[in-house]
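The same subunit A turns up in both complexes below, where it pairs with subunit B and then with subunit C.
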Partner chain A sequence: MIKRFLYSQKVAPYVFVLPFVLVFAIFWVYPLISSFQMSFQKITLGQEAQYIGFDNYTKLMTDKTFLKAIGNSALYMVLTLVILIPFPMLFAVLINNRLMWGREFFKSSFFFPALTSVVVAGTIFRLMFGEMDGSLMNSILALFGVGPMKFLKEHTTGMIALLALATWRWTGVNMLYFLSGLKNIPDDYYEAASIDGASSFQKFMKITVPLLKPTSIYVLTISIYAGLAMFIESMMLWNGNNSPKNIGLTIVGYLYRQGIEKNNLGYAAAVGIVLLLITMIINLTQLAFTGLFKKED
Partner chain B sequence: MKMKKWFILLSVISLVLFMSGCGKSSNSSGGTKSVLDGGAGETATELSYWTFVELHGQHFEKMLTKWNAANPDRQIKLNVTVMPYDDMHNKLSIALQTGTGAPDIADIELGKFPDFLKGTPQLESLNDVIDPYRDTIVKSRIDLYSKDGVNYGIPTHVGAAVAFYNTDILKEAGVDYTTIKTWDDYKKAGELVYEKTGKHMGTADTSATWQASMLLAQQGSDFTDADGNPQVNSPEMVKALTLLKDLQDSNVLATVAGGQPDTEEAYGEFNSGNYASAFMPFWMMSRFTNYMSDLSGKVAIAPIPVIEEGMPRSYGGGGTGTVVTKTAKDVQLAKDFLAFAKLSEDANIEIWNTLGFDPVNMNVWTMEDVTHNPDNQFVKYFQNNPFDVLNEIKDEIKLIKSTPASPTINNVLCTVTLNEIFEDGKDVKQALDDAQAQIEQELK
Partner chain C sequence: MTKSREKAVRICLFIFFVIISFFILVPFYAVTISAFKPGEELVRYGLNLKFDLNVMSFDNFVYLFTGDHAYFTWFFNSLILTIVQVVLTLLISATVAYGFSAYDFRGKNFLFICVLLIMMVPFEILLLPLYKLIFNMNLMNTYSAIILPGIASAATIFFFRQYLSGIPKELIAAGRVDGATEYGIYVRLILPIMKPSFAAMAILNGMNSWNNFLWPFMVLSNENKYTLPIGLKTLLTPYGNNYDLLIVGSFFSILPIFVLFIAFQKYFIDGMTAGAVKG
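Moving on to the complex of A and B:
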């Protein structure tokens, strides 16, 4: 009986996908539903949760700190897109070029930062961007005669530090995505283009970029999500979740502050749902524009 | 073939990234564990204890040995876990919320304590074990960790705020710290120090409220009114911060890396002699001995300057309440041990010896053989005896209340307001009005 069940062609596929479905249901669907429910509740330590309707959401709309967190996350996301898509693509093309010298060396050294722990990297970056005269960045600035700056206390310089950390860490990863995309482009196209007299730039614009589109869409999608959900980098850079004037506060950071630090899980759940909505809307729009939902020809 | 290799590499990488993305919490907060047996036998009960200060574990180790010797039938093994400050409180909060995974005994810092008293506290009442010692200890320190007359935490120290002066720098400028009585004196001295040495007299704190608390206590005010409602734009608060701002404008104070004296960055600044004074609670002494060894023999302790002579010169700052959780294995045992380890006279003497704190049993303050022990590391480090200063200000140590609004007040002041005032030069009144509005909004 068991044998027939296991060998049945109809059942087998379900058995194989079952582990995934279970993991998905337990670790994604259940928490999602439960946080949706919690976002309409007031949860107090040691007491039954009370339903309070949309109170959490109406409070969010006027919560200046939350709006600041959204602003920070959005700005960070946009700037990481601007930096972390074109440059890795360019590097990938350069490294992919046969004439390039030391390709393996560059490949591994670009990728290396992704292997270090964010905790360690964040701490090092905090020291590099320290406000003391002797910190690395201030020593460099001193060479140009610029006075010491308090990098982690001002909005612009704080964002620069965050972006520096992100760029250092993710350039190599995105570059690898693009490199694997490049491997899929047949050499014939380039040869044909060469015969027709196309310049290198034309080949890049007319062959490489369009054929990298699937990879680009993938990188774009995960970058949007990663940008909006950034948290640990900020936490490590400011040695905690409370940066001066909240310049490093992100949406997830605010969720953490409300839910974990202030024991206000209902409100934090509402923050999480808003983050989910924002991410979904941006990504679905983006995917619709880039044609992911169109039927393949 | 090449293609396939790439594919495998890529999938491995994405797997690694995926896993590291999910495993965020695991890398930072393992904490360090150690089991203290303190001479306990086979039958000892094992209790777990969480703290965010490694030294607290050392104190418990000493007291545990004494407890096990005195109570052969109720011996204890203590399982100590030391975690970073935020991590520990967050984990404890989640454990208490869910009802599983909490330790038997835990340290909770004063700034976080009100959050654990929200709703129905998941902590045991400690009234019965505190009662025998109630007369010997400072009442206000117990009240800090209480709600509706129930005591939930046992204090570690009084935390009387004092001034620490680097006399090397002062000597260079020809300043005698003992003549500094009021903030006006301090300002004159500071201007002299800046003129002669180019160094700043003290710090303008942006990430802590020690200074603001001191100035409020001097004026008999507080961050909250009698009902516990926030009043951070009170005239007293405006006066306090205006005073500090004026000191900053005349180069007496300057902001410090890290935002306040009790940070790693600031230890370095003080250790290299860039600031001549700090106003901090008494426990700052242990930071000097541990992290600022270059200053050994150069630091003197004195009462804090006041706005007008006759005002109280200190307040009790910071603190840690040790609690027994509702899920503790053996509640009574944990409570009895805790009282023994933190409230008995022996414990109070050890708290000074090991931790360098001002113990809550004030009788200890006058035990010459304990406080003036020439072998004590704190007595050796400082120029004058810390307890001479403590006994001088003994009756002037005021209390800044801890209320349900306190964590929010602290958060707004220390992340936004103080930065706006001391870093951006925003108008004091305006900044405080904004803070009050923000705090009220958050507490709604």
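Moving on to the complex of A and C:
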């Protein structure tokens, strides 16, 4: 009887999706609700929680360190968008040119950095941006008669190091995204444009860029998410969650500092909820603006 | 285009990509040569490109393989965790994806929106409640704490569902006519067809697992259970640094992935770009 029930066509689909439902409920919905709840509490691990209303949120509004973290994360996100969308798109178009020599070799070498873990890549970049005279970046500066500089002690140079790390790791992956988008553009379009006498630049602006829009939206969406949630990169560059004058502190870094290092779980949960709201608002605005929802009507 | 202009374009493109590749490959070169230099060099001069045979030796490699440290414990922990995680995640995600693609059932659309939702919300905001949950479940310092939350991976389910949408429904109907049960159809007819898509997802999940850091770092506190990224991170402490092991260990941790990449390049690229295929 039970066997017949479980084997029926009506019940089988639920058995198939059951693992997802369980994982979703236990490790996603429950923590999310619990995160909301915790954000209204004063709570320390292993102790009775205490409801304190909106206190965590009002405290966050005037928390200078938190505002600094938001500023750092937002700046990092915007700059990664500015670098990691146009350049990989341009590289994809160039490498896709029929006159390109050694296409497969360059595709692989661009992809190599994505194979390294943040821990290893971050360590490499910290040492390259080291403050000793002999470090790679300082020896390059020395060629121009500048330096040596303490890259990881100043706001601007610290941000440059973070961006260099992100650019190094993700240029190749984003280029591959755009390459797979380029495959969906029919050659006829370019041929027709050539007959009409369009220049390469015109073809790029009038055909390639508009038709790559779905790929661009995808890359934009994941980059906004990744930019705002960045933490380990900063942790590796500064070998810990403490950077001079908090130049490397990010929103998730602050969440980690409050929640794990200071055992201030309620306050940290509020940081998480603010991050969730910021991410959702930016991404939904962006998706509405780029017209993804309209397409689905 | 004339022949000579074609040639000029070719050469310009080539030089352009050689220059960019140079910048991309420099850090790898720096790490490789530093693996042959003593750690003090690194402390004194930072990571640089000096190829100086006078200070270079195999000492670090000898230390890596024979020294008194936990590197290979971490290495094998990572290896086992990666294999278990990949096998479980792929089997479970494929099963869920099959449920979504083969049947129409009540609540299907709602559940699939949940899959998409997971992909859109930063995992980082769940760190603390998950940490509390794992603490209350008494799973601290266990591999279950790392494996369970990600066992039904949204991106993997999404990819498998796309792949399965290309398989004709007639095949399933034919299986039923032959008297196979619903589960028999999945195991005997569908799973074998899905094999090619497993390679790309195995690589994507394998890489994520091998390189995973933050969550394992939070739940593992016993040095003997550390994975490789955690182990490498702990080599630098306020109380003393072990640069000798750090650089040669970093070098050696990239090596297996490089070998796999060279051998299965197509699957790596398929796996990494799976999300954007349909825009």
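Rule of thumb we're sticking to: the second predicted complex is superposed on the first by the 270 of 297 C-alpha atoms of A that agree within 3 Å, B and C clash if a C-alpha of one lies under 4 Å from a C-alpha of the other, contacts with A are read in each partner's own complex, and residues count from 1 in each chain.
Note that in this section a residue touches a chain if its C-beta (ideal position, glycine included) is under 8 Å from a C-beta of that chain, and two chains touch if they have at least 3 such contacts.
The structure presented is a predicted model; accordingly, all values stated were derived computationally and were not measured.
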Discussion item. Just checking: does A:153 make contact with subunit B only, subunit C only, both, or neither of them? Give me first, second, both or neither.
Written reply: first
Practice prompt. Look at A:65 in the shared chain and tell me whether it touches subunit B only, subunit C only, both, or neither; answer first, second, both or neither.
Written response: first
Worksheet entry | Partner chain(s) touched by A:138 [first = subunit B, second = subunit C, both, neither] | second
Practice prompt. Look at A:42 in the shared chain and tell me whether it touches subunit B only, subunit C only, both, or neither; answer first, second, both or neither.
Written response: neither
Discussion item. Quick check for you: in the superposed arrangement, does A:180 touch first (subunit B), second (subunit C), both or neither?
Written reply: both
Worksheet item: What is the contact status of A:203 with respect to subunit B (first) and subunit C (second): first, second, both, or neither?
Response: neither
Discussion item. I'd like to know which partner A:265 touches here: subunit B for first, subunit C for second, both or neither.
Written reply: both
Worksheet item: In the superposed arrangement, which partner chain does A:117 touch: subunit B (first), subunit C (second), both, or neither?
Response: both
Discussion item. Residues of subunit A touched by subunit B versus by subunit C: which partner has the larger set?
Written reply: C
Worksheet entry | First, second, both or neither for A:28, with subunit B first and subunit C second | second
Worksheet item: Between subunit B and subunit C, which residues of subunit A are contacted by each of them?
Response: 45, 114, 117-119, 130-132, 173, 176-177, 180, 232, 260, 265
Item to complete: Would you tell me which residues of subunit A are touching subunit B in their complex?
Response: 44-47, 59, 62-65, 114, 117-119, 130-132, 150, 153, 173, 176-177, 179-180, 183, 232, 240-246, 260-263, 265
Worksheet item: If you look only at subunit A, which of its residues touch subunit C in the complex?
Response: 7-10, 12-17, 19-24, 26-28, 30-32, 34-35, 38, 45, 91, 94-95, 97, 99-102, 106-121, 123-125, 127-128, 130-136, 138-139, 168, 171-173, 176-177, 180-181, 214-215, 217-219, 221-222, 225, 228-229, 231-232, 236, 239, 252, 255-256, 259-260, 265, 268-269, 272-273, 275-276, 279-280, 283
Worksheet entry | Touch list for subunit B against partner subunit A, complex | 2-3, 6-7, 10, 13, 17, 24, 27-28, 86, 89-90, 93-94, 96-97, 115-116, 118-122, 206-207, 255, 257, 259, 265, 268-269, 407-408, 411, 414-416, 419-420, 423, 438, 441-442, 444
Worksheet item: What does subunit C use to touch subunit A in their complex?
Response: 6, 9-10, 13-14, 16-17, 20-21, 23-28, 30-31, 34, 42, 44-50, 92, 95-96, 98-100, 102-103, 105, 108, 111, 114-115, 118, 120-133, 135, 148-149, 151-152, 157, 181-183, 186, 207, 210-211, 213-214, 218, 229, 232-233, 236, 246, 250, 253-254, 257-258, 261, 265, 268-269, 272-273, 275-277, 279
